[in-house]
Every structure is written in structure tokens, then in C-alpha cells.
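Next come two complexes, and both contain chain A; in the first it sits with chain B, in the second with chain C.
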Partner chain A sequence: MVEQIIMALLNGILLGGVLALLAFGLNLIFGVVKIIHMAYGQFVMLGFYFIYFFYTAWHIPLLLSMAMGIVAMGLIGILVQLVIINPLLKAPRLNQLLALASLIIVVENLAQVIWGADYRGIPLTMPIIQFGEIFIRSSFLIAFIGAILTLGLLYLFLNRTYLGLGIRAVAQDLEMAKGVGINPNVIYYLTQATGGALTGLVAAFFIPIYTVHPHFGASFTLMAFVIVVFGGMGNLLGGFASAFIIGIATSVTAVLSSKEIADILALVLFIGMMMIRPQGLFGTES
Partner chain B sequence: MQLISKFSRSGLMLLLILLIMLPFLISSSYLTHIVTLILLWSFVATAWAYMARFGMVSLGHGVFLGIGAYFPTLMFNYWGVTPWIGIFVGLVVAIVIAAILGYTCFRFGLLGDYFALVTLAVAEVSALVIMALREITGGSLGYTLRSTGRLADMQFADKRVFYFMALILLIGAMYIWRRIDKSPVRLALTAIEESEIAAASLGVSVIRYKMMITLLSAALTALGGSLYAQYVTYVSPDTIAGVGVSLSVCFKAILGGMFAVLGPFVGSAIIVSLEEYVRISLGTSFLGLSQIIFGVSLLLMIIFMPRGIMGSMSMAVAKRLNRISARH
Partner chain C sequence: MLEIQNVTKVFGGILALTGVSLKVGEGSFVGLIGPNGSGKTTLFNVVSGAFPPSKGNVIFNGQAISGMPPNHICRQGIARTFQIPQPIKSLTVAENVMLGTIFGSQQIGTACGLDRAREEALQWLDFVGLKLDPESYPDRMTAGDLRKLEMARAIATRPKVLLADEVLSGLNRDELKDASGILQKARDELGLTIIWVEHVMHVLMKLVERVVVLNYGMLIADGDPASVSKDERVIEAYLGRH
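And then the complex of A and B:
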């Protein structure tokens, strides 16, 4: 039992790294474009299918398929900004929310019509690392290291490059950013492309871990939401820390009781947080 | 304006007469079934719009549908309690849950998209609870109502009984809508939507009015869920609880127009017919296709006609009439 809990703890940390990446994308879009991307997890599902399609139908090597999947999702991100978000930029927040919720219906059913409702995956055998009684899947470890590296690169991008500083400027004060000559539309497209590419990357990390089906994304949307709200909407560092808290809490609960109870726990944390501290665990503004 | 109301009133009467005669005019029980579904979902969507038109967009009405559907069904199958009683138990449970949820949400001042997100999470919790209790509820496989065919168990040889039950409920929901329009409740809720602080400073009890409309909406939604379960005799978290059905109810109302009394009915009629049409004409292999059409049309609606079909129509008519009266 103790070994099981330690293993769940480790898996929680490893999965928390990937979830941190996902939450980062959602948070970035929320902070910069100021919209709640309801279909974000569904984009992971779409990215997964793209990689699967490139690999099985066009027989492209796996790593190249993954790269193409990431690029394709980046383009989809731009498309969403162009077709859905731009016309609704001035609309009430609720309409943006509902538009993106109806995008869920479109994306999930598109996947169902094209690829069917069956579970699909690319069978890969990855070695399992063993420390005494504790086993770690190397696929989890690779995903974790990849996610942390990506987050580090994104941190450098946002803090060390002009483009990244432009993104942060728009996030902090749109009018001021316009005043110093930043074109917010370019920044919006860039943010959506980054957010989209991140879903592709998360999908690539998930390839050896999961199989995909049309409703695969829903739980990740919820997970990303829970993390983002927990860490404070728009607060990137808070999201990073809360990804590990939520990852560990759900994975340990899932071992102790069941997957459903773990999800209920995450959602109850989310609801409680929204009510008592809408600025998040690490937020400072009142 | 008087002309419009006279026009719409006679239109409504005509529609009502048509709906009452319909099951006797058409012999096809399939068509009657579709219209029954339209009436049922119209009723639920109307109840949903009670709250939404005052800015309380709930994405969690699946909770109340689920309670209304599961309680009578489970109580009948396990304990043999007649649904005539079970429905009231479901109703009471739904009101209690709505009171707890509503009070906490309003007490902490959750508004707009924050309220929508929290209710969405609550809807997901309801589906997960049904899943977690799979020994009792059948989990995601769903649960079938035991068939006895007895009147005392709310099972009728003639399915048209459900048609008229749904019709009566829908008319009742529309009547309550009109009564709200004419009562000070509407003014209070409109003031609250504009600004809670301003309304409170004028002596409007914010939480009390919001609770009132929430409990009403939840109770009617649960009633709709109960009737749906008794009619279809099958419940599952995908069809009657959780996020999917919550969103589909709100989309029906939005498509038709959630600010007009006939809006939810028009929206439900369009969506249910569209789904059935695509399902019949393209077969089950393209089941997703109807949903894609549905999703795309919703997107277009939200972008170009945010007030829905009925809202946009009445605005266009009002503009036309203004131009005519200006000419004279």
C-alpha cells in the first residue's frame, strides 16, 4: 500500500509537469486575449488524432509526425482567433464562452465523423524503470522532462525576447502596449499559435501513454481549468505550482478510492476556489 | 407596439390549437414522438431561460434534469414507489440542491462567466456521482425503467398522454413567464442584472429575488427531467445529466432567443428536427454530422445573432413598423 501511494505521488508529479504545460497555454490565452478557452482540452484530442493520422495514413516517421502535429495545432490556434475570437473580441464575455463551448461540439463530432468512436493509439513499448518496489514508466518521465524544458524555454521567451515582452505588455495593459507601438492583433495571433502548438506538444507527450477517442479532451479541459483557477487566472507561476498540487492530489485520490472520486475532488476544489478566492491560491489582488 | 402584440397573440392561439389537434391529425406515431420530444425540451429550455434572461446563465441545469430523472426511476425500480410520488421527491431534492448551490453562488457574488463556469463544474460533478454510484445507477451504461404498463405507475398504453402532459407543462411555463413579465419581480431582477450594488442600495433584496427565480427554474427543470425519464423509460448520464445535456438545453434556448417567450420553443423545434432529419437521412454512421451542423450554426448565431431567432425577428419587425409610422 505504501509503495502504491509513493508511486501515485511520483506519477502525480510527473503528470503534473505535463498538466502544467497545458495549464500554461490556457493561462497565456486567458491573460493575453482575455478569453476563457473552453475547447482547450479538445485541441489536445485533435492534436493526438493529427499525429496518429500522419503516422498511420501517410507513414511519416513518428517524431516528424509529432512535429507536424504541433505545427498543425499552431495553425488551428490562428484559425480559431481569426474565425471565432476576432468577431467576438468586443462581445460580452458570456458570448465568447458559449461560442467556444459550441466549438467543443464541432471539434468532438468532427473527430467522430472522420476517425469514428473507437479508441485509437500508436502502440509503443517504452521501458519501465524500477527502484526496488517502485516502478516508473519512462514515457511519463520523458513527458515530464520535456514539459519542464518547454516551460523553461517559454519562460526565457517571455522574459528575454522582444516578442515575449510584447506579449506580456499586452497582457498587463492593452492601451499602454498600443501606445508604445505594439500591434495587439499580431500578439493575439502569436499567443493563439503558441497555445495551439502547446496542445500539439502535450498530445505528442501523451502518444505513448494514452489511446485517443472523440471525448478524450473533456477531462483535460476540466483539469486545465481547475489548475488555472487554483493558481489564479492569468498568473503563470501560480498555475505552475498548482499543477503539481492538483496532479498529486488527484493521482493519490485515484489510487485510494476511484478515478471518479478523484475528479469530483478536483472539481470541488475548483468550485470552492471560485467562491472563496477567485484570485487563486497565489493571487495578491483583492 | 400594440400591433405586434395583437399579431403575436393571434399567432400564439393558432399555434396552440394546432398543437392540441396535432396528435389526432397525424397518424404516424413517430411524428408524434418527435413533437413530444420538442415540447419536453421546450419546457426545459423555457425553465432554463427564466434565469438566463436575467443574466444568470447556468451551464449546470443537467444537475436538476438528472435529479428529476433518476430519483423517480430508481425509487420505482428498487422500492416500487410509484413515480407519481417519486416525481415529487425528485422535485423536493432538486429544490434543496438548487437552494444550497444558489445561495452559496449568490452569497459569494458569482456573476456572469464565473457563475457559468461554476455551474458547469457542478454539472460534471453530477455525472461523475452517477458514474461513481454505478452499482445503483448503472453508471455510464444507463438504467432502464421497469415496465408494468399500469396507470398507477405512470405508464400508459397510449403514448399521446405524455404529449399532452408535456404540452400542458410548456403552456404553464410560458404562462409563468408572462406573469413574471408583469410582476415587480422582473423589474427587480432587471435592476439586479444592471448593478447589484445599485439595486441593493434601493432596497431590492438581491439574494432573495435571485433565489426565487433559481428555485423556480430548477424545480421546473427537474419536472421536465422526470417526465422525460418516464416517457423514454431510459436514463443515462450522457442523455439526462452532466455537461452535454446542460449545454444542449442552453443552446436550444439561445438559438431560439432566450429573451422571447417563444424563443426556447422555436430553438428546440429547430434543433430536435434537425437532429432527427440528419439521423434519418444520413443514417447512424453520420450521427456526428448533425452535431457538426448544429455546432457551426450555433457559432454563427452567437457571432451574428446574439439575441437568437425570435429576438432578431422581433427587432427587425419593430424597426420596420417604426419606419412605417415615421412616414405617416
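And then the complex of A and C:
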């Protein structure tokens, strides 16, 4: 039993890394473009299908398929900004939310039309790592290491490059940013491309772990949203921390009781946070 | 070099600016004054591109800039400071100024990395005399230091024209001297054209060579400080009819 809990804890941490990546993208888009990307999890599903398609239909090597999936999702991010968000930048927030929520319906049904409702996946056998009585799936470990490395790179990008400075300036004060010559549209496209590419990357990490179906994304939209709000909307550090809290809590609970109870626990944690600290773990009151 | 042609700005049913025309020559130091709500900041907002004029044009170096987005106008060489200084709190003091060097008219650092931009930003911090650690965060700064940072960031965009919006408000006597000294220095050493909105009249009148007065969105006086301060309409605007 102890080993099982330790394994669940480890799996929670490993999965938390990937969730942190997803939360980072959602947070970044919210912080910079000031919109809530309701279909963010569905983009992971789309990325998964792209990689699946490149690999099975075009017989492109898997790693290259993954890279192409990441690029394709980056382009889709730009497309979303161009077609959906730009026309609604000055619209009431509710209109933006509805537009992005309807994107869920569009993307899910599009996937169903193109790929059907069957579960699809790329069968991969990844070794299992053993430490005494503890077993870890290497696919989880790779995803975790990849996610942490990516987060590190994103941190450097935001802090050590001029575009990163521009992104942070636009996130905090749009008027001032325009006043020093920053073109907000360039920053918006860049942010959407980054956010989109991240869903492609998360999809690539999920390839050896899951199979995909048209409604695969819904749980990840909810999960990313819970994590982001739990940590404090727009707060990148908060999102990072809460990804692990939620990841570990659900993973351990799933072992102790069931997957369903784990999902309930995540939402109970979320509701509890909203009642005690509506601004989230790391959020500041405004 | 900067010509404001018959600019009118309407908000809802309110005329914020009514047919304001103004020509500002290169290297001049112009004070823009008027009672509260007379349209000074609105005029700055129109020139800097925060919003387009309802009517009229702004011509800069022979090119119509009215209606352009503010980031475009900044890159053409018109910078502004804001009435309430607003540094980006999650960026260091140096990084705040670097925004100006990188994204302003010279685009230093977009090709050659951030070190060059940082170097340049440190020079501008030195220029305005801000003696804070450039790697500290601007969350607990005095009003005077905030002004200096605000001006450093605006000057770092390497403008030809600087729109200085109430750079003296809320400052103590020493800080007044520092802040107005920076404008003087920017004009004399960098050859900037400066339009300066200010309520601290005794400092403004001593420094500028020309004063333009707005009242109810209309230009009511334009001349050297001595003659404007004696102008009947200006006295009336400030003190009321007697």
C-alpha cells in the first residue's frame, strides 16, 4: 500500500509537470491577450490528431510528426487570434467567452467528422523503470522532464529576450506598452503561437500515454482552467505550483479510492479555494 | 516640424477640443497650460495616437500621423510621459527603460541582444540622475524617482518630440528642480522639441520660451511667457471674470 501511494505521488508529480505546461499556456494567453481560451484542452486533442495523422497517413517518422504537430498547433493559435479574437478584442467579455466556447463545439465536431468517434492512438511500448518496489512509466518521466525543460526555456524567453520583455510589458500595461513603441498585435500573435505550440507539445507528450477521441480535450480544458484559477489567474508561478498540488491530490486520491472521486476532489479543492481566497493561491486582490 | 491642424475632438456630446491649430518648430520648448479640463491631455492623447481626432490633422515632419496607432507614432519619434507614472512593476528599473530603447525609434537590442539595450538604458538612467539600483523593482519608489524613471523611459525611445504631461505634479521642491532640469537638459543636450503640460506655473514660466493656453478646448493665447501671463483672456480663464 505504501508503495502504491508513493507511486501515486510520483505519478502526480510527473503528470503535474505536463499540467503545468498546459496551465502556463492558458495563463500566458489570459495574461497577455486578456481572453480566456475556453477551447485550450480541445487544442491538445487537435494536436494529438495531427500527430496521429502525420504518423499514420503520411508515414512520417514519429518525432518529426510530433514536431510538425507542434508547428501546426502554433499556426492554429495564430489563426484563432486572426479569425476569432482580433474581431472581438474590444467586444464585451461575454461575447469573447461565447466565441471561444463555441470553438469547442466546432473543433470537437470537426474531429468527429474527420477522424470519427473511435479511440485512436499510436501503439508504443515504452519501458517501465523500477526502483525496488516502485515502478515508473518512462513515458511519464519523459513527459515530465520535457515539460520542465520547456518551462525553463519559456522562463528564459520571457526574461532574457526582447520579445519576452515586450510580452511582459503588454501583459501588465497595454497603454504604456504602446507608448514605448510596442506593437501589441505582434505580441498577441506571438503569444497565441506560443500557446498553440504548447498544446501541440502537450499532445506529443500524451501520445505514449493516452488514446485520443473527439471529446478527449474536455477534461484537460477543465483541468487547466481549475489549475490556473486555483493558482491565481495570470500568475505563472501560481499556475506552476497549483499544477503539482492538483496533480498530486488527484493522483493519490485515485489510488486510495477511484478516478471519479479524484475528479471530485479536484473540484472540491477548487471550490474551497474560491470560497477562501477568490483571487487564487498566488493571486493578488484587485 | 509638428503641426496640429484644426483638431477637434468630441466625446459623446462634449467638445474636448475645438479647432486647435498649433505649429511647433524643431528644438522649441513650449509650455501648454490651461485650467483643469481645458483639453491639454486630450491634445496629447490625439498627438500621441491614444485616440484619433474627430476632425483635423496632426502633421509630423511633413507626414500626417493622426489616426496612426500609438506604437507607430512612438517609432516615428514622438514620445510621451504619463500624468501618473506607471512603471511595469514586474520589470526591473533597467528593464523598464530598456523597453524604450528596444521598441522605440532606434530598436536597439532587437538584433544584437539585450546587453546593448541594457547599456543604453543605464546611460538614460544616468542622464535623468536616477540613483537607484537598476536591477531593483520599481515598487517602492519616491514620487521624484518615479518621474525620473518615466522620463528616462520616454527619452530612451529616442524621440524628436517629447510630450511631457505634468512631470512636476506631486513633487517636493528639490524634486521639482530635478524634474524640470531633466526637460531643460533634454532640450539643450539632445535637441529634443518639448511640449510641456504643467500646473506648476512658476517653474514652467521660467523655462519655456513659448506658452500656449487652452480653455474649454480652445486655444486662447500663444506667445512668450511674459506677454501670455499679462493676457486678459488668460487671467480671466484662470481667475474668472472680475
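Criterion: the second predicted complex is superposed on the first by the 281 of 286 C-alpha atoms of A that agree within 3 Å, B and C clash if a C-alpha of one lies under 4 Å from a C-alpha of the other, contacts with A are read in each partner's own complex, and residues count from 1 in each chain.
Keep this in mind: a contact is a pair of C-beta atoms (placed from the backbone, for glycine too) under 8 Å apart; a residue touches a chain by one contact, two chains touch by 3 or more.
Just so it is clear, the structure is predicted and the values come from calculations on it, not from any experiment.
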Message = Going by the contact rule set out at the top, does A:103 touch chain B (first), chain C (second), both, or neither?
response = first
| What is the contact status of A:183 with respect to chain B (first) and chain C (second): first, second, both, or neither? | second
Chain A contact check, chain B vs chain C, more residues touched by chain B
> Which partner does A:34 contact after superposing on A: first (chain B), second (chain C), both, neither?
Replying inline: neither
With the two complexes superposed on chain A, say which partner A:275 touches: chain B (first), chain C (second), both, or neither. first
If we overlay the two complexes on their shared chain A, which of chain B and chain C does A:166 touch? Say first, second, both or neither.
second
Who does A:120 touch here: chain B (first), chain C (second), both, or neither?
neither
Between chain B (first) and chain C (second), which does A:175 come into contact with in this model arrangement: first, second, both, or neither?
second
On chain A, the footprints of chain B and chain C overlap at residues none
The answer for chain A against chain C in the complex is residues 160-162, 165-166, 168-169, 172-173, 175-184
Per the touch rule, the chain C residues reaching chain A in their complex are 48-50, 69-72, 74-75, 79-80, 82, 86, 88-91, 95, 98-100, 102-105, 109-110, 114, 117, 153-154, 156-157
As the complex stands, chain B meets chain A at residues 57, 59, 104-105, 108, 110, 112-114, 116-118, 121-122, 124-125, 128-129, 131-132, 243, 247, 250-251, 254, 286-289, 291-292, 294-296, 298-299, 302-303, 306
In the complex, chain A touches chain B at residues 36, 84, 87-88, 91-95, 97-99, 101-106, 108-110, 112-113, 214, 218, 222, 225, 229, 258, 260-261, 263-264, 267-268, 270-271, 274-276, 278
